[in-house]
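Two complexes are shown next, each including chain A; its partner changes from chain B in the first to chain C in the second.
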Partner chain A sequence: MAARRVEERYRSNAPVTTVRPLHHSFLPGSQATNLAKRDRKRNEFRQFFMKTGIIGQASGSAYLEMANTKIICGIYGPRQIPKMEFSEKAKLQCDFKFATFAESRRERRKYTADKEEKEFSMLMVQALESSLILEKYPKSVIDCYVIVLENDGGALNGAITCASMALANAGIEMYDLVAAASIGLNPLNGEILLDPTEAEEIEYKKGGKKGGGVVTIGFMPGMNEITQIWQSGQIPQEKWLL
Partner chain B sequence: MESFRKIYSSEFHKKFLAHNVRPDGRSLDDARNTKISVNSFGSSNGSAFVRIGNTHGSQKLGGGGGDGTSVTCAIVAEVGPPTDATPNGQIIVNVEMTPICSSRFRTGKPTEEAQALGHWLNELVRSPHHLSLEDMKVKMTRHEAVEDDEEEDSLPGMVWYLYADVYCINHDGSIGDAALIALFSAIQNVRLPQLVVTKENQMIAMPIDASSGRINILHHLVPTTFAIIDEQVLVDPSAEEEELSSGLLTIVTRSDGSLVTIRKSGGTSLDDEKLKQCMKTAAERCKTVEKEIKSQR
Partner chain C sequence: MASNMFFFLSAEVGNMKREGGIVQNADIQIDAQIVLPGQLITREVGYLRGHGTYELDGSLYASVSGIVERVNKLISVKPLKAKYPGEVGDVVVGRITQVLQKTWRIEVNGRQSASLQLSAINLPGGAQRRRTTADELNMRTIFVENDLISCEVQQVHSDGQLALHTRSAKYGKLTGGQLITVPSALMKRVKNHFYSFTFGVDVILGLNGNIWISQTIRDDTNYDLKDIRTETKAEITSISREKISRVRNCIQALASAFAPISPDTIMETYEESIDRGLSCSDILKPDNIYEVTQRARLRR
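Right, the complex of A and B next:
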């Protein structure tokens, strides 16, 4: 409640409590989320679009689109650590944020970062830190800001890929680019599918008889090294030991 | 050259302004191009992306600016009961100047600039002279016909509350202009869905079709910002020019040619003649930008 009040104090609000109507896929008997039906192959990505250097004010920036998922990232730095503390290598700070209007299947996001967004920020730092040569920039901080303008699945892996491109665009020295992807385990038939959409992610995480979940992997293709694995939902042991 | 520009910013610009030209090649009364694209975000009820300057989208390696201002505005419609002050619902505008758009901003509470801009946009959008909110009653039906006749009329009269969030993506001057253009383009493209109420009293928005409601815009508002640098007036300043200026002047005109609001900040004065010239420029720009907004419907 206290957090809500701080959020409201600096912003305009409606005079009454309002409710967002649910997405039409929640209508009883709706066929909008049908796990059995998928219009692309199980190992097929959605269409990609990537562009760097779109924010002139930032030291580096990138934009990534995976079908309806739209992510923008800006890098500021390396710049001085504000509190003048000494450190031998640079500190990477990530700030992951969904735009308030980013998702259609849930209520509006808050203006301030919620716990899920804070977790994603932390996961981004973990995925990207080991790809950068941070020793080259002592006493400095690299700020990485990500806004997910629309989320249709794969927000975290998109953010990691996008941020890595933006870091390269900013000219920060690195060992390799990090490319991230997510896979989903379909609870209906136990099939593993690449690049699930938002509707699929929600259904997979609910799980079923055959498990169900989503795994995000950060990978450096040139070095053939994995920087991070993050799994949610439940995936049975035999699926892991493929 | 780049370092001279950064260290002696004022000297650098004055050398150009003495010849009535600006570092990016524009003359003093030349506004940047405006490009609008709408409904890019399917998760919202209506959205717009506005770019002022660099509309051909050329790339530039980071730092220094001069890359054009970009702003996005998306509207999410929520349902609530009407109040005495808002019998037809309301549009609620918030401006987010996130640290992504300029090194001047940090995470945390919104800056005064963002709050002031948000308040200004709210006042413009709530004025009954520009927008008509009469079509904002919610259309609701029951999902399955209820057998009880008593419950038939139990659906309460609700109205729409539209949350319009303006996200600043790149701050390269005249951010208020871009924000207001984005806001009106987004409002123009809002589609309000039909609602269906289930047995569990959940409201479900149906997909958009021909019967979905729109908001009636009576007049489009087009703002033009001017920067005052040493008695010279620059139309549509960039971030660098805004920083050097001793005052900013924003004139909002309406599509029918009338004046909506003038906002001038800073301590320098501006003589009659120049102000009239500015109003003329603003009225001219209004025509071109309005055409661009209307073409995006």
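Right, the complex of A and C next:
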């Protein structure tokens, strides 16, 4: 207890381990948390639920659920840059955060942004920036806050899709909505799977003889353009040509 | 009804005249086409690119989510939810957020904050301003933080910042009433944004989506000498309060139905709610929203 970090001593800390409500076990897709029990086809997504406009005070907001992965996003702006510096384009600022209780299979997340969260924030800016018409909003800043309430794989692609919906909900001018998806390469048999769960992601990133890893792609369906590709793990060249 | 219709469409007709075309038949879209960003609106050439759209390889796409509006050759998308862009001469209702040197910073739901210069207001009692530092120190006696004011857009800077003014007796601090905020896209440009309903309720229809509702005050004061800090002293009766609430709920109903908001549509909705014998709070039940806004929605 003495080793607890300063910032956490001042907060009320819920138990490290959480128990899910019973009804979750009956929901479709919840079984997919176990590696052996993937209940859908290789090229099948988990079930989606999306809703916009759920945060009253934000300019735009969205909520996205992919089976057990739950993400909420709020957009604030475009608003004036606090310091009166001049820029012809608006600046998009993303803040990606895992809730402290987001992970069921690992230790509690810290309140401060860790390395992964900082990287995801940066990747989100990359994926979304090119879809927005930023020239329309000079001297402005658009703040995008994403919180992953529960992580069961696909947090980054879910966050990008969710943030793009929230941006559209905020009425910000954009060329197209960004939809993101992730695929995993199974190191054991070299199979490619769509929309891996967290357990699968962890397993695949360990790698093996046939490579193994996860690729996330941001895509604008209307314009037929890719806004971002992010790879984690080792994926052999020939797999990319599939 | 016909004259009302013209009144309602006057803003669009004005636009067309500027293009040099003769207006024969104002093209009103009754059934709305709803689009998402990046969605194709038309592949045909020869259309004019309006707000909320962009052109790519000769085709026209939407850049915001909203309702497609066509006026002859001009296609624009009216966003469901967007910041108020601002235009010179617009009546707006805003809230003071900061008192600065010689200016007030005002929140009008714009992309950039708006400012009201000390030199752009009429001083209490019509006094001439002496440009002294004492004058600047007295700014808080006129408007303080969190005050609601009605004012007019004097200038729109190139970066979207608004300069406001209250150089008329009708503008100034708002007290003794109720504020409701609606999407600014729904606000219609009409002849008079200070409207007095016959049933004793006044509204200030700010084009930024803020609407001020209060009871009609009959005052014979000399407007030249009227103090912009005037506070409504008159007692508001419970009957007035109910009427104000009814107007408020009618506006809220119009906003939820995404119908245009103007004195006409508010009046129609108000009358409809009374004809149907609805109580104030019942107006906002989903079924009733649909019923009471029926006529107003046709004007989209």
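The definition used in the following text is that the second predicted complex is superposed on the first by the 206 of 242 C-alpha atoms of A that agree within 3 Å, B and C clash if a C-alpha of one lies under 4 Å from a C-alpha of the other, contacts with A are read in each partner's own complex, and residues count from 1 in each chain.
Methods note: contacts are C-beta pairs under 8 Å (C-beta built on N, C-alpha and C of every residue); 3 or more make two chains touch, one makes a residue touch a chain.
Note that the structure is a prediction, hence the values are computed from the model and not measured.
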Is A:111 touching the first partner chain B, the second partner chain C, both, or neither of them?
-> first
Could you tell me if A:176 is touching chain B, chain C, both of them or neither one (first, second, both, neither)?
-> second
Counting only touches as set out at the top, which of chain B and chain C does A:147 meet: first, second, both, neither?
-> first
After lining up the shared chain so the two structures overlap, which partner does A:60 touch, if you call chain B first and chain C second: first, second, both or neither?
-> both
Chain A residues in contact: does chain B have more, or chain C?
-> B
In the superposed arrangement, which partner chain does A:137 touch: chain B (first), chain C (second), both, or neither?
-> second
Thinking of the overlay built on chain A, is A:95 touched by chain B (first), by chain C (second), by both, or by neither?
-> first
Would you check which partner chain A:78 touches, where first means chain B only, second means chain C only, and both and neither mean what they say?
-> second
Residue overlap on chain A between the chain B interface and the chain C interface 53, 59-60, 79, 169-171
Interface residues, chain A side, partner chain B - complex = 6, 10-24, 26-28, 51-61, 68, 70, 72-76, 79, 95, 97, 99-104, 108, 111, 113, 143, 145-147, 149-152, 169-171
Quick one: which bits of chain C touch chain A in the complex? Just the residue numbers, please.
-> 36-40, 52, 54, 56, 61, 63-66, 79-83, 111-113, 158-161
Could you please specify the touching residues of chain A with respect to chain C in the complex?
-> 53, 59-60, 78-80, 133, 137-140, 168-177, 220-223
Residue ranges of chain B touching chain A (in the complex, touch as defined) = 40-44, 47, 54, 57, 59-68, 70, 72, 74-81, 83, 85-86, 90, 92-94, 96, 98-103, 107, 109-110, 115, 118-119, 122, 143, 161, 163, 165, 167, 169-172, 193, 195-196, 198, 202-207, 239
